[in-house]
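Labels run A, B, C and D following the written order; every chain starts at residue 1.
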Amino acid sequence: MSLLEKRWNELADVKDELAERDWFMGTSGNLAIKVSDNPLQFLVTASGKDKRKRTDEDFLLVDEFGRPVGDTHLKPSAETLLHVEIYRRTNAGCSLHVHTIDNNIVSEIYGDQGEVKFKGQELIKAFNKWDEDAVLKIPIIHNYAHIPTLAKAFSEHISEDSGAVLIRNHGITVWGKDAFEAKKVLEASEFLFRYQLRLLEHKPYQLFKVV
Amino acid sequence: MSLLEKRWNELADVKDELAERDWFMGTSGNLAIKVSDNPLQFLVTASGKDKRKRTDEDFLLVDEFGRPVGDTHLKPSAETLLHVEIYRRTNAGCSLHVHTIDNNIVSEIYGDQGEVKFKGQELIKAFNKWDEDAVLKIPIIHNYAHIPTLAKAFSEHISEDSGAVLIRNHGITVWGKDAFEAKKVLEASEFLFRYQLRLLEHKPYQLFKVV
Amino acid sequence: MSLLEKRWNELADVKDELAERDWFMGTSGNLAIKVSDNPLQFLVTASGKDKRKRTDEDFLLVDEFGRPVGDTHLKPSAETLLHVEIYRRTNAGCSLHVHTIDNNIVSEIYGDQGEVKFKGQELIKAFNKWDEDAVLKIPIIHNYAHIPTLAKAFSEHISEDSGAVLIRNHGITVWGKDAFEAKKVLEASEFLFRYQLRLLEHKPYQLFKVV
Amino acid sequence: MSLLEKRWNELADVKDELAERDWFMGTSGNLAIKVSDNPLQFLVTASGKDKRKRTDEDFLLVDEFGRPVGDTHLKPSAETLLHVEIYRRTNAGCSLHVHTIDNNIVSEIYGDQGEVKFKGQELIKAFNKWDEDAVLKIPIIHNYAHIPTLAKAFSEHISEDSGAVLIRNHGITVWGKDAFEAKKVLEASEFLFRYQLRLLEHKPYQLFKVV
């Protein structure tokens, strides 16, 4: 099996798993995995496909500008430029963009503050935060309709080889050294978002009850 | 494979997928897919079947009045007239009627206003709303027990080849040029409804906290 | 295939489906299906089994007193007496007892009133309520630890061949003429409970916003 | 099949089932099953694996100090010491540590009180509480980053052969005489936690409405 096939299968497995959770509602979301560094080439989801099906047209290979490599009738996802920024600026090997109710609600509630913070929650260890007082910050950027502008705003928050950025009312983009790491960061983010929202629902009552 | 078989399989695939999400609770819901334009004929779910099972009695062919084509012991869904309205008035190829908790709650909360609006949410692009300021409106109609009256009220909101209408405390009906498009509109609607309800839960707290 | 085998398979299919929804948490729940009227014999879930697995020890045949028919090391579910009441008093062919979060919460919130009512919700049609003004009432009984006492309180609400009773903080028992009908009543009940709870969450906010 | 293989398969089955529920988000959670008493040896999840896949490197055998038995490149889960405490102090045969939103929220809301109590809920019978007035208490301990300190705090709540302890903002650890019992206690705990949270959401409204 070639490296291309290996990466294709890894990405297809991630897609199947996220699709099973209904994390691609309304054909939303897009995924990418790096295949080579020199030249920079990566697989990205083709536009307009049903992500609950597994076919040999789910992904296509693109270059460092997000343009298809070779002849193809497939169109790269409209948001391919965001993946380009990640592979240009870090050593990440996989990046995932997903819309969920939880990440959209968190991005709206904390949007004006430009970030959401987590502290004292075990799951922040998935972001390599091991101290008992460690704080995890996930930035939230404006959802520019113009993709190059969105990509530029996004790029300002990419420096580490693993990370996460929320786009307001649009979803999250995560990345990691490989598919396993990217998925770990995605799942930990979603857990933290849901935890935070549930806590907001319950803490007021608790205060009301105790005071 | 004939066109009839092809459409049957497409609709059966949609049914399987929605059934897996438990979107047909209590035998609710019905689905349709167009097979020919001249004469107008479409497949529609047969009444009283378990939608979690896949059998060769799940659908039957009906004409432009919703009457069975040919001899059959199967009875078309009681709400077949709503699908008739769609195929008569638009070029849609598939239509789906589904009861979920989210669409029922939204239909009740916004029912008196006759519609629910969405703005600034990425998923409205599934309705071909691409501008940053675009507004999506989904009408909400009264749930008349008399189906022809319901179909008439419903028909007043059908003009485009793709769309969605809520029936108060009853569910949503969506349509699109084919099964893929109809499902996309359905999923995007459900995402938006759940998003809206979750936001209503959290915004009060946020205001309370900030002010 | 004998009638016993046929009924066994029908009940096993229902069990598989409910298990997939996680409606048997902590080994809770029990199911029954009638096999013969003269003498009255029905299959009921054996005690202490993992309902996510399908084995030939999942059910056992019991008589009109809930006692095993023939030699067996299997023990009928502790709540078999409730199923006995149903088959003695009605023509029902299948009965299901299930604990869900929604049915437990509804049973507690409306417990002091002794019943929960639904009106103007399409899904009450699953209970054969077709008028636009029809009201569905589901009784809620006290959860007596002593099973014969519980069975007696339960029996006071069994007269129709299809129905549903909530046991406070314990779950719901539904019945219908066959497995298909019993499952329909169960699903419609769960839909209505979740709908009601979600509406309680949102109506206060709406009032707050509008007034 | 050897006893080791038998236990391996039992634990792998539990892992598959919990993974299907998404109870291992972000690679969280760890599981153990006892293989022998003299010397004490048990299987425990290897560190850094994807728990949604079933492989022959998912678990490894460790001794009474949580050290690998024999040569292996696998690393025992960082929290193996907690499982050690259970097998040293009780006759339990299986122990499960799982992070869910519900158990994390309950651990935070009731964390200052050091325990959460349940009464009058049918599911507490899964903890062998059969009286109508029985009270179930689940202790909540501080989430020490230093694992030996955490294990010591944890050990103070282990005396029975079956039980459950919450670690604040970290998850639950349950144990029972075998995999079936441990899973029953886990499921019953999660049911009770979700029930409790939902009740907190609804009781205030009810009071508001009635008073």
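Following the convention adopted for this analysis, a residue touches a chain if its C-beta (ideal position, glycine included) is under 8 Å from a C-beta of that chain, and two chains touch if they have at least 3 such contacts.
Everything numeric in this text was worked out from a predicted model, so none of it was measured.
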{"item": "Farthest chain (mean CA position) relative to subunit D", "value": "B"}
{"item": "Subunit D against subunit C, contact positions shared by both copies (same if over half, else different)", "value": "different"}
{"item": "Fitted rotation between subunit A and its twin subunit B in degrees, CA, nearest 5", "value": "90"}
{"item": "Distance between chain centroids, defined by C-alpha means - subunit A, subunit D (Å)", "value": "30"}
{"item": "CA centroid of subunit C to CA centroid of subunit D, Å", "value": "30"}
{"item": "Inter-centroid spacing, subunit C versus subunit A (mean Cα positions, whole Å)", "value": "42"}
{"item": "Set of subunit A residues in contact with two or more other chains", "value": "201"}
{"item": "Overall pattern in which the protein chains touch one another (line/ring/star/complete/other)", "value": "ring"}
{"item": "Interface residues, subunit C side, partner subunit B - complex", "value": "17, 21, 120-123, 126, 130-132, 180, 183-185, 187-188, 190-191, 194-195, 198-199, 201-203, 205-206, 208"}
{"item": "Contact footprint of subunit B on subunit A as seen in their complex", "value": "22, 25-28, 50, 52, 99, 101, 104-105, 108-109, 143-145, 167, 169-171, 197, 200-201, 204"}
